[in-house]
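Presented below are the structures under discussion, each in the form of structure tokens.
Shared between the two complexes below is chain A, which has chain B as its partner in the first and chain C in the second.
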Partner chain A sequence: MNARVHGIVVWCCTGLFLLPIVWMFGTAFKSPNEILNAGASLLPTTLSFDSWLAVWQGSLFTLISNTVLVSLSATVVSVVVAFFAAYGLVRYRFPAKLDYLFLLLVLIIKMMPPIVVAIPLYSLMNQLSLLNSKAGLILAYQVYTLPFCIWMLLGFIRDIPLEIEEAGAMDGAHLFRRLLHIVFPLCAPGLVATSIFAMILGWNEFLFSLLFIHSPDKLTIPLFISNFMTEDGTAWGELMVIGIISSIPMLVLASYMQRYLLRGFSMGLK
Partner chain B sequence: MFRKAIIASVILATTPMVNASELVIAGRDSSYGEAMEFIVSEYNKLQPETKVTLVKRPSKGLYESLVLSMREQTGNYDVILMDDTWSTEFLTNKWLAPLSKAVEDKDFVQATFDIGRYPDVKGSAYAMPMVGNVAMFAWNRAEFAKYGLSQPTSWTDVLNSAKKISESSDTNGVVFRGVKGNPIVTGFLPILWGYGADVVDQDGHSTLNSPAAKKALDTFLAMKQYAPKGVDVYNADEVRESLQKGTTAMAIEVWPAWVPNLDNAEVSNVVGDIELMAPPAEVGAPAPMLGIWQLAVPADSDNKQAAESFIKFATSSAIQKALALDYGMPPTRNSVYFDKDVVSKYRWYPQQAKALASGKARPRIHNWAEVESILGDYLQLAMMGQMSAEQALEQAHARIDRIVKS
Partner chain C sequence: MLFENRKQLSTLLLPAIVVLGLLTAYPIISVVYNAFLSVDIGSGQHHFVGMANFAELFDDFFFVTAIQNTLLFTVVASTAQVLLGLVLALLFHRNFPGRRFALPVIIYPMMISTLVCSSIWRSWYHYDFGFLNAAFVSVGLPPQEWLFNPDFALYAIAIVDTWQWTPMAFLIILAGLQSVPKDISDAAMVDGATGWKSTLYITLPLIQKQILLAFLLRSIDTFKLFDKVYVMTGGGPGNATETLSMFVYKYGFRFFDLGMASASSLVMLAISLAMTLIYAKRVMKGGKQ
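Let's turn to the complex of A and B:
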């Protein structure tokens, strides 16, 4: 009986979470007329590919590859820099509590509304001739991703017992070797989780892409999505199609990295 | 000699490349974007040697994008599409380049062209009007006839008609934009002006604490009871829908670009029923609000000449006629407003041309965006019943005066 109740609850919860996804798929295959007039029906009465064709006409592949490149590069830069920063903050002592001050400043930057940072950053990028370039965008994304990665990795590195590192040092392992063979594998789940979240942050970033990029061939997906919500109305079908397409790369990445996440957790338990 | 001949031939061969230019245009998304795409394709047919890149920005991001680019003098854009309310800020900061005398044309509706001059209507032209939006008042003639009502000429008439229709049927009396910020302000301005009040005086000081402003806001708030449920979050999309579906009899503020399909039976239930006219006035003559989208050349552009030539082309009568017929863009030229083909598609265009000619621009102060945002916040608080009309106006007045002094 208990198992039955449990099963019902699980199915209900799954259904609840699946509902918006089913609605997204259903709407993506509805005709514009049906979207406006069908009320709350989940599935289309007749399959229509109008919305798919409308989205496919644009330079969708370029937009997706731009977004993948920029968010992936921003994630790699953030995670690498944050890993060393977090390690230094955890393992070393700083005078006058400078480490706490640094962490506080990092947190303040993360808490600021992005537009506040965008204006000076724009000026800086202009002086460095990095406007309208993917490299500039990758650097700008660090404002979102780096503080997040530092704070997240801090907890994971704190959990690694210092004794393991000390044992390595006594066996003659120098700092880089200890980082590579002890610290890195032990905080792998943390690195993977941090990477996924940083990637999502970069993937969904809108403001910097809007302000710093002005060549249509360098734009990213969030800007393209905003084209379907205009003063003239919301193109629900197209919005659902682009929602499905743009979530696929993140789902693939998350499911691929999940293996490493689980493997990392099990390594940590040994 | 042979060497000189080679150099001369190389110069000749590269001359077209030197003359050829590349124009980058900062435009908007939605129907404005489609219209601009059409202009670009037509321009390319005439000037194939000029590469034109159109950057379509979401309407909410275009302003920020332009300000940052021109403030930092990046030279990113050669032509910009801008709302007339932005031009004061852009011009006082000397971000726009003056246009030559060649752009002057008597065919433009004077009010729409003069809005692009600086420092006043006698000054040089800095922008040309591309879209002649003017806020109109919409009313459903069939619905009015059902209840023996006649065309409203004052805001009191509007309120009384809305009451009668709402209480006698399921149709809502009146609809407007209730979303805070720009939408609710532009929804309220026709009423405020209709009562002879204004947001600021010529020096930019708030005049919202006047008795006329209080009367205007009382009328605006009273309309809510005859509006559709949830009007506080209504925007352009919802106003158009309720008008076209026939669920509402009047709309305080309708921009012609929103409603090109009023008489299209495929999407409209009110074919031939809706009348558009200049907003009613409680005192004095009606003052329809102008909402002109202009084309201008940033001062940091490296291609000013080519940019001006593009702007002239984009605002020519042939292009404006095509934009009106195919994209529903309200023109800025008299010849297009009274064109036979255009009037047969949009029967209200002659009325619209009159409204445009007597139109009133929003206050020409450099921080209008900030003023609008403050007023929008308080209007919505009053609309939601969280403060009285008097409190909302007093607080908006105090804050607007503070930013003007700062």
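Let's turn to the complex of A and C:
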């Protein structure tokens, strides 16, 4: 294939592949009437902001703040807990290869279908009176985010040369001072990358919010989209506006995080 | 040199062990326990029934269908994603004008959430107003039922999953291609291997590992299929798109059959465990340093 043909082929594939996203943006700016008569057109004939207005007047801000609050808190908890655990796993000698066993168990948890633990988790939340609460959701999200963060941070901590820390240890730096002054700064880019991926996990999570959240004022964006889809048959304009609002942060991150994407989506495993 | 201090080590690991123990170890143990119980909803009494739940499960038409659907979906979707990801990776491996801009853009589908993804495609599949039927009609093809066709609904969902996750297989395979030393492909070229022949006999064997990893990771993930089915078909038409996750959900949260839900969870856990172990064997070989 000569270079020119190759370029054209790749761009055509890319364009075709992105049609659904183009349609999402187009539909958000179509009038409700045009949506039902649009046929195979991707872009609106006349720009309409009806759908944006409708979403703006809805519960948009509650939704966004709920989703941000829950995913951000879940991320903070996970990253802190995982940072200590990952550091211990990388830098300390374990008896009887227990570190491998621990990592294997964490991997198994990350890979298992979350529905497997949903029922006992539901009764646990019930006993702790955490059903239908954001705190409960933050806790439940640890099932996804904590194993992810442990594995992801493992790779970043491994990349820090041991010699730097050994020097610190010889100077008598205590564990927490060593962590704070040596490991933390060196690992900062890794912590940021890991946090962003954990945020994405929380931002997009559906199953546990479906099971644990009932009141409308506590809905997360994915849960709202699900309710919206089943209740308002073809109000696609509003649906796509919400879709865009929920996707924009991710699409911006996609460009920013490119270097870490592979690591993130395969959990730091190469 | 690794640190030896046991006390420090336990301090470091304790928070993670507590959180994971409470939120995953305890639930898994209780699933295993409940799988061998029969619970009467009315009185709340439960008694040990041994393997009876499993016997009932494998006699249950809905469960057998759910297993078949899930495995079919896993194989079809993962294979499609790896093949398409491979083709895209081969296309992107060579430079072309604007590659720098196309690369971040082509992974957009996996950056938008599953729910957004499902909402787009559910609209596309709409019989009367959907984009796909409009496109079909405009080129003279008959409109299709898509999600309402029991023979096609599962594949329709597989298409959505493939659209969303091909970028991930693509990224893994592209990274593999980029790690192939350039002199190998140069040497092949000198020996007269060009075009698809060089790809088939030289490049592909070299990225075998990445292809396999992509396939395993995607299989583990597609096996969980829940969100898309829940919002696009609810398991229907009939039970054409019933999956194991949906089965556990229905038995646990709609029929409140704790024993059956736990037994089917355990079957899922076993299958997922088998796939994870194959994967772990390949990625956990490296030592500490």
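Keep this in mind: the second predicted complex is superposed on the first by the 212 of 270 C-alpha atoms of A that agree within 3 Å, B and C clash if a C-alpha of one lies under 4 Å from a C-alpha of the other, contacts with A are read in each partner's own complex, and residues count from 1 in each chain.
Basically, contacts are C-beta pairs under 8 Å (C-beta built on N, C-alpha and C of every residue); 3 or more make two chains touch, one makes a residue touch a chain.
Computed from a predicted model, the values in this text were never measured in an experiment.
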| item | value |
| --- | --- |
| First, second, both or neither for A:T230, with chain B first and chain C second | both |
| Which of chain B and chain C A:V183 touches, first, second, both or neither | neither |
| Touched partner set for A:P216, first chain B, second chain C, both or neither | first |
| Chain B versus chain C as contact partner of A:L139, first or second or both or neither | second |
| Touching partner for A:L103 - first (chain B), second (chain C), both, neither | second |
| Partner chain in contact with A:P114 - chain B first, chain C second, else both or neither | second |
| First, second, both or neither for A:L130, with chain B first and chain C second | neither |
| Touching partner for A:A198 - first (chain B), second (chain C), both, neither | neither |
| First (chain B), second (chain C), both or neither touched by A:M152 | neither |
| Residues of chain A touched, compared between chain B and chain C (which is higher) | C |
| Overlap of the chain B and chain C footprints on chain A, listed as residue numbers | 115, 118-119, 122, 207, 210-211, 226, 229-230, 234 |
| Of chain A, residues touching chain C in the complex | 1, 3, 6-7, 9-11, 13-14, 17-18, 20-21, 23-24, 27, 35-36, 38-40, 42, 77, 80-82, 84-85, 87-94, 99-100, 102-109, 111-122, 124, 139-140, 142-143, 146-147, 150, 158, 162, 166, 169, 175, 200, 203-204, 206-207, 210-211, 221-222, 225-226, 228-230, 234, 236, 239-240, 243, 246-247, 250-251, 253-255, 258, 261-262, 265-266, 269-270 |
| Residue ranges of chain B in contact with chain A within the complex | 24, 26, 29-31, 33, 53-59, 61, 64-65, 68-69, 72, 74, 76-77, 235-237, 240, 258 |
| Contacting residues of chain A [partner chain B, same complex] | 115, 118-119, 122-123, 126, 131-132, 207, 210-211, 214-216, 223, 226-227, 229-234 |
| Touching residues on chain C, where the partner in the complex is chain A | 1-5, 8-9, 11-13, 15-16, 19-20, 22-24, 26-28, 30-31, 34, 88, 91-92, 94, 96-99, 102-124, 126, 129, 131, 134-135, 137-138, 163, 166, 168, 171-172, 175, 195, 213, 217, 220, 223-224, 226-227, 230-231, 244-245, 248-249, 252-253, 258, 261-262, 265-266, 268-269, 272-273, 275-276, 279-280, 283-284, 288-289 |
